[in-house]
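Right after this note come the structures.
Both complexes shown next keep chain A, but they swap its partner, so chain B is in the first and chain C is in the second.
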Partner chain A sequence: MTAKKITEFLAHLRGAPGQRVVLSRLGFALATLLLMSLITFAATSIAPEDVARNALGREVTQGQVELFIHDKGLDRPFAVRYAEWLAGAATGDFGVSAVTGRDVRADVMPRLGNTVVLALLALVIGVPLSLGVAVYMALRMGGWQDVSLLAGTTVLTALPEFVTGMGLVLLFGVTLGWLPIDSTALLFGSAFDNLSAYVLPVTTMVLVTAPYTIRIARSSICESLASAHTRAAILNGLSRRRILWAYAVLPAATPIINTLALNLVYLISGVVVIENVFNFPGIGRRLVEAITTGDTYTVQAVALLMGAMFIIINLAADLMAAYVNPRLRAR
Partner chain B sequence: MSVNYLQGSDAIAPGRVRTPGLWRTLAASGGGRIGLGLAAAMVAVIALGPSMAPYSPTQIGLGLPNDPPSSAFLFGTDELGRDILSRFLFGGRSVVLMPLAAVTLAMLVGGGLGVLGAYVQVRPGLEWLDRLISSLFDLALALPPLLLALVLIAGFGTSPLVMILAVAVIFAPRTGRILRGAAQAVVTSDYVAAAQARGESVLYILVRELLPNIAATVIAEFTLRMTWAVIFVAALSFLGLGAQPPSSDWGLMVAQARSFITVSPLGVAAPALGIAVLSVSLNLIADALARYLDPASGKPGVSL
Partner chain C sequence: MGEIGAMKSTVSAGVADNALLRISDLSLAYATPGGAFNEVVRGVDLTLRRGEVLGLVGESGCGKSTTALAAMGYRSPGVRVLGGQVWLGGTDLMSLPLAELRTIWGRKAAFVSQQANLALNPSLRIGQQIADPLRRHMGLRGAALLRRQIELLRRVEIPDPERAIRRYPFEFSGGQQQRIAIAVALSCEPELLILDEPTTGLDATTQAHISVLLGGLVREKGVSVIYVSHDLALLHSIADRIAVMYAGQIVEVGTARAVVTAALHPYTRALMLAAPSLERPGMVSGIPGRPPSSTVKDACAFADRCSQVRDACISADVPLTVSDGGHVVRCLQANERSAAASLLRPLSPAIAGEPVLAVRGLVCTHRNASAPTIRHIDLDLRRGETLGIVGESGSGKSTLLRAIAGLLPPTAGSIEFRGETLAATVSGRPRAQRGELQMVFQNPDSSLNPRHTVRAILSRPLRLFREGLGRSGETAEIERLLDAVQLPRLVLDRRPSELSGGQKQRIAIARAFAARPAVLLCDEITSALDVSVQASILELLGELAAQRGVATIFVSHDLAVVRMLASRTMVMRHGVVLESGPTAELFSAPRHDYTRTLLAAVHDLPRCEVPTQ
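Let's turn to the complex of A and B:
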């Protein structure tokens, strides 16, 4: 084989530029996930004594602690325990919580369902709303509606999630009394209770994520509205709807999609705080509960689960950005 | 190549900070003015509050539990009979000081590494150090920030110190990348080459030659990082993972008063409003500073 053929063969192995990007991003995501699992496991169980004391409480003898450590196999080398834990985690086995005495997976799964519903509702309501508001503002650029909405989004972007959430609770729960002040009804309430338990958390999520999307989308749409080809389309007498869609919104798709992906990534961490504002029975609330009660196995399970979701969504967002913007594909 | 040693833009004394027109730009924009005004008001409340508080913030049983506002207790009392107004007036300090500590630490470590990375780019044989630092940053940036903080707190215990360190760990690579980028633009300058030729130490070049010339970026980055840190730290305190009882930290105060929100709503409203005004003011200042650095931009920040 000549040198040229070898280079061609190697290039073939590496795949087309597009494939190469997908593969390298996939590899990076896997490495990140592995790192996250290592940090999670190392931080929470590098000291077997702490794990034992967390599980057993304060009133135990040194003998009981040592028995627990030996019983759970915590006296084996760190690498062995990590490998075993990772293998278990890969098959969905996170052990039995020493604090609650329940199987961690059976405990976490229903809560994961609640969280996913919450995030999806926020997305389904938030995305069309943000885009609608952005188009409305762009069409009235500089007018009082645009300026006051812009000021509103500036304030909302700056607020911590729990302040926004508490503001809504104070307004709709305490002052007006229209909605329940927390979401605990999800655990035992009727269908109507369940529905109303979602309203404030979903509203909070939308109010936290939408302002950023609105600002980015508004400025991209303003830019494409002001361009020469939009003016040409107006002069050509195209319909208002067609101009809006084909000349203003579609060309602004790339930054908007990037922003939406950012939002999705954000929702993963946003749920932690927002679920705690409303005592919403999701995995974010469970994670904080587990940290406060020293429930090591549950912390590990939820952290790994949320970390995996974060990294997968990040990967999807990256690939989507590469798909809509060919310039990123070349890298 | 000829250099005008008297008038060239590089010809400033080492160690002199250059941020021409920074205050003027800040005061010129409406948002910047409002931000500065609100921030000044909040600093006054937070700094003078403790000396104006009528009672001790931690004294239990001053009044009846969850007493409504009265002339003795202007904001009412909380579930332990403590004065809500006094707790509010004391509770602002940690809301500012804990993020300040975290951001300072992040900027010293992360920013230091970033500027060092930029500098070794012009030191033949040391380029690998820059690549190492950059890859470390990239890897750290791929991790979910809030989750990383929660995991570190779960592992090392719930205390303000652990939380500050966790937040610093999360912010360090972010700050590092920004400052590395800013320093990259000035490492090729003649004054750096001159300092090298004089045989100055690496530390001297980083602190006296590079730092003053990226001062505007450092100030803007510091403000931006502070706005995020205030939100992040307040959220962690709200989750019970930062400030610990009996502290009257605003985030913790909101969380504790949450259970009694229907009987004494002011226990939630007062500290929540304090945090809201503080973070809005910091955000407005950060936005105005970003416009100073890059007049074409005006990008709003997103936290977490």
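Let's turn to the complex of A and C:
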């Protein structure tokens, strides 16, 4: 009976390539997440003594260390500890930090919220901006506007995020004094303070990621503009707007979406640097704090969350690429 | 054939002028990186009458596609109009602004380009692509639009049009994609239809189906057509008149019959001799040299490839002269037909030696395929003979070659080479066997490493399979190979991207011969090439194989090519052999209905009309 149901289900999936793609990607994402959780846990707490010494600091006796290990159950086998931790993590319970004495979840979640808002703002501003600039450049391919923008994006791509960030701080925060150089205000400031606290970090993120997207999108759209199907659309007398978006940009979307995903993934690691430049109270800065204070549980939680974000973004990009590229859907 | 013939309208060359399109004194140039202009079309005058089908023929690079696009008033990026007008009705398309051209394109004049797989938008459902011009020009919406979409798809014989409108281009075969592109072009009932090699790259039966379909549509809609092709035989059966282009100039125009039966220009005659034909079996001859890459001034552009060249030909521009029946030609020697002997040489009969290859009960199934691609194939090959394999796309002929080459492990059956059973994959075969079984692929662009020089490409098989040649022996051998494929030494340090399509395929052939093969597997090796280039490649292959006693399996969808080269022929369909036997017998008295269908689909130049003089 069950076997029959499974065969029926598989047959149904064969008939629906789109669903099959979604399910296979989803399964792959879950497997990756599980593997990543194992690596994260193993890397941070395979040696119980390190966990204890990190939490207790240098000036401790062997007895204190052993007591800590016994108290926290670190003397049990690795597999048991991992299973217990994973079960907790699955429900959002990362335990109580041995360093701060607070619940890790309650500590990390608001920070995660701030970072997500930061990344989303960068995305919402960065994507239309990149696409618009790329289309503008592609339509003027080889012209002076295209060439100068291309040079500009090359320079920006070459700059590391802390240089771009520091440059913006110096210009807008110090020289002009328009914007706060420090985003700590987010934790307690007014609505206006909150908003201005986001401006420089978001600008930095856009400046760091957009140039690369622009370059990829530009060359992809240029290629598409010169293609036989765009010429066919022109020779069918279609409107400029229809030709541009449906015949030039849409078929060029797959590489652009993949680049966006790479960028977002980069943003997650770049966020660590950017948040520290601006003292932005996000998950990246919390990670650095936790590492310096030897707060193993918080490091585990943040690492797992960042990894999950990686995987979710890649999954979303894969599904979106499949959505705009019918060929990928069929595979 | 009868149906295609019906495409010809009743318009004849002498009828009073009722021109739909008149191209007058058109000259076009491409901008070069240095800022100079490279003239590619020179002083073209052409008139298309209402309801007429005008064929435009010539080798690649002679300006026919550029002219066809210009006939739409379209200026390709980088193209500069040096002079001339294109009159459609009372308007000069060349002087119209883009905004006004947009109201003509797709509405009054439509264009179908070659390679429909590239001309359709891969990311839009085909229903959308048909709907776009209908919405734009006819203002159709909703149910009326849907009705028209389905009607158009039904008219071009796309099965199940209600479901087809929701599919994407990649879900259709090459022939179906071209039908869809034709449906898009005809959607708003244009008066003028320009077809730029619409069937190039499709197999013979699909080509014939599409030609029949076009014939019916043209008759039904009364549309006037410019049909660009490199295939004179096809144009002979489809067009009312034929214009021949060479180096950006019109060199001959006349009724289709006059151009084919009484060709006046040596170039037109050379094109005919280059086309393999079922009716006149014999080795084709290529046209020596290549067409110039731009127009030629103060001389006949064809002079350096012409066997009848005189001093007068290279001292001044040659004007067009009109002879009886409105037959126009640009040649000083047009009335002094050369007494040059026929260039058709009889094929030397192949002497088949001892058996080299035996395939028994071969079955191949592609991964994830529900049915085998080839089923129980047997074949025998003897030293020095050429076996032709013909069939449509999807008949399994390439799969068979790949299995023999060891690129696709068979699911059942055996392949014996000189009495020894061959391993299923090429990596399992000893080096000597790998050298003795060589393959030449369809597309030299992907079969030659773009980063290697010709020298590196040719020395690799020598090092692998002919150890002990030494450095000087290797150089000498490479030079011998280049001579054999008739390429100059100076190509040695070039990379494939710097060579023409024909030159690249010669290198691919030389690479195969470098290994001293006993069996040569050729997979559609000339289908990407021009007729004149194809002719010289076929000549070359025939000679080399005969000289070296190589057994060849030649896979092609072009029956005339197989007729010319092969001593035995196998007809395949759906993975099985339908008929096989000596080529002459099989072509003159086909036993299987399918073979007869294939033969009927071939456009041929008429037997009595070959200009052999």
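Observations
To be clear about the criterion, the second predicted complex is superposed on the first by the 281 of 331 C-alpha atoms of A that agree within 3 Å, B and C clash if a C-alpha of one lies under 4 Å from a C-alpha of the other, contacts with A are read in each partner's own complex, and residues count from 1 in each chain.
One rule holds in what follows: contacts are C-beta pairs under 8 Å (C-beta built on N, C-alpha and C of every residue); 3 or more make two chains touch, one makes a residue touch a chain.
On a predicted model such as this, the values are computed, not experimentally measured, just so you know.
Of the two partner chains, neither chain B nor chain C is touched by A:Ile257. More residues of chain A lie in contact with B than with the other chain of the pair chain B and chain C.
By the touch criterion defined above, A:Tyr212 reaches chain B but does not reach chain C. In the superposed model, A:Ser239 makes contact with chain C only, not with chain B.
By the touch criterion stated above, A:Gly270 is placed in contact with chain B alone, chain C being left untouched. Residue contacts after overlaying the shared chain place A:Val65 against neither chain B nor chain C. In the superposed model, A:Ser227 lies in contact with chain C only, and not with chain B.
Residues common to the contacts of chain A with chain B and with chain C across the two structures: none. Remark: chain A residues 28-29, 31-32, 35-36, 39-40, 42-44, 46, 153-155, 157-163, 166-167, 169-170, 173-175, 181, 211-212, 215, 262, 266, 268-270, 272-273, 276-277, 287-288, 290-292, 296, 299, 303, 306-307, 310-311, 314 touch chain B in the complex.
If you check the complex, the residues on chain C that touch chain A are 72, 74, 77, 101-107, 110-111, 113, 115, 118-124, 128, 132-133, 136-137, 168, 170-171, 181, 184-185. Per the touch definition, chain B reaches chain A in the complex via residues 31, 139, 142-148, 150-156, 158, 227, 231, 234-235, 238-241, 251, 254, 258, 261-262, 265, 268-269, 272, 275-276, 279-280, 282-284, 287, 300-304. By the touch criterion given at the top, residues 226-229, 231-239, 242, 246-247, 250-251, 253, 324-327, 330 of chain A touch chain C in their complex.
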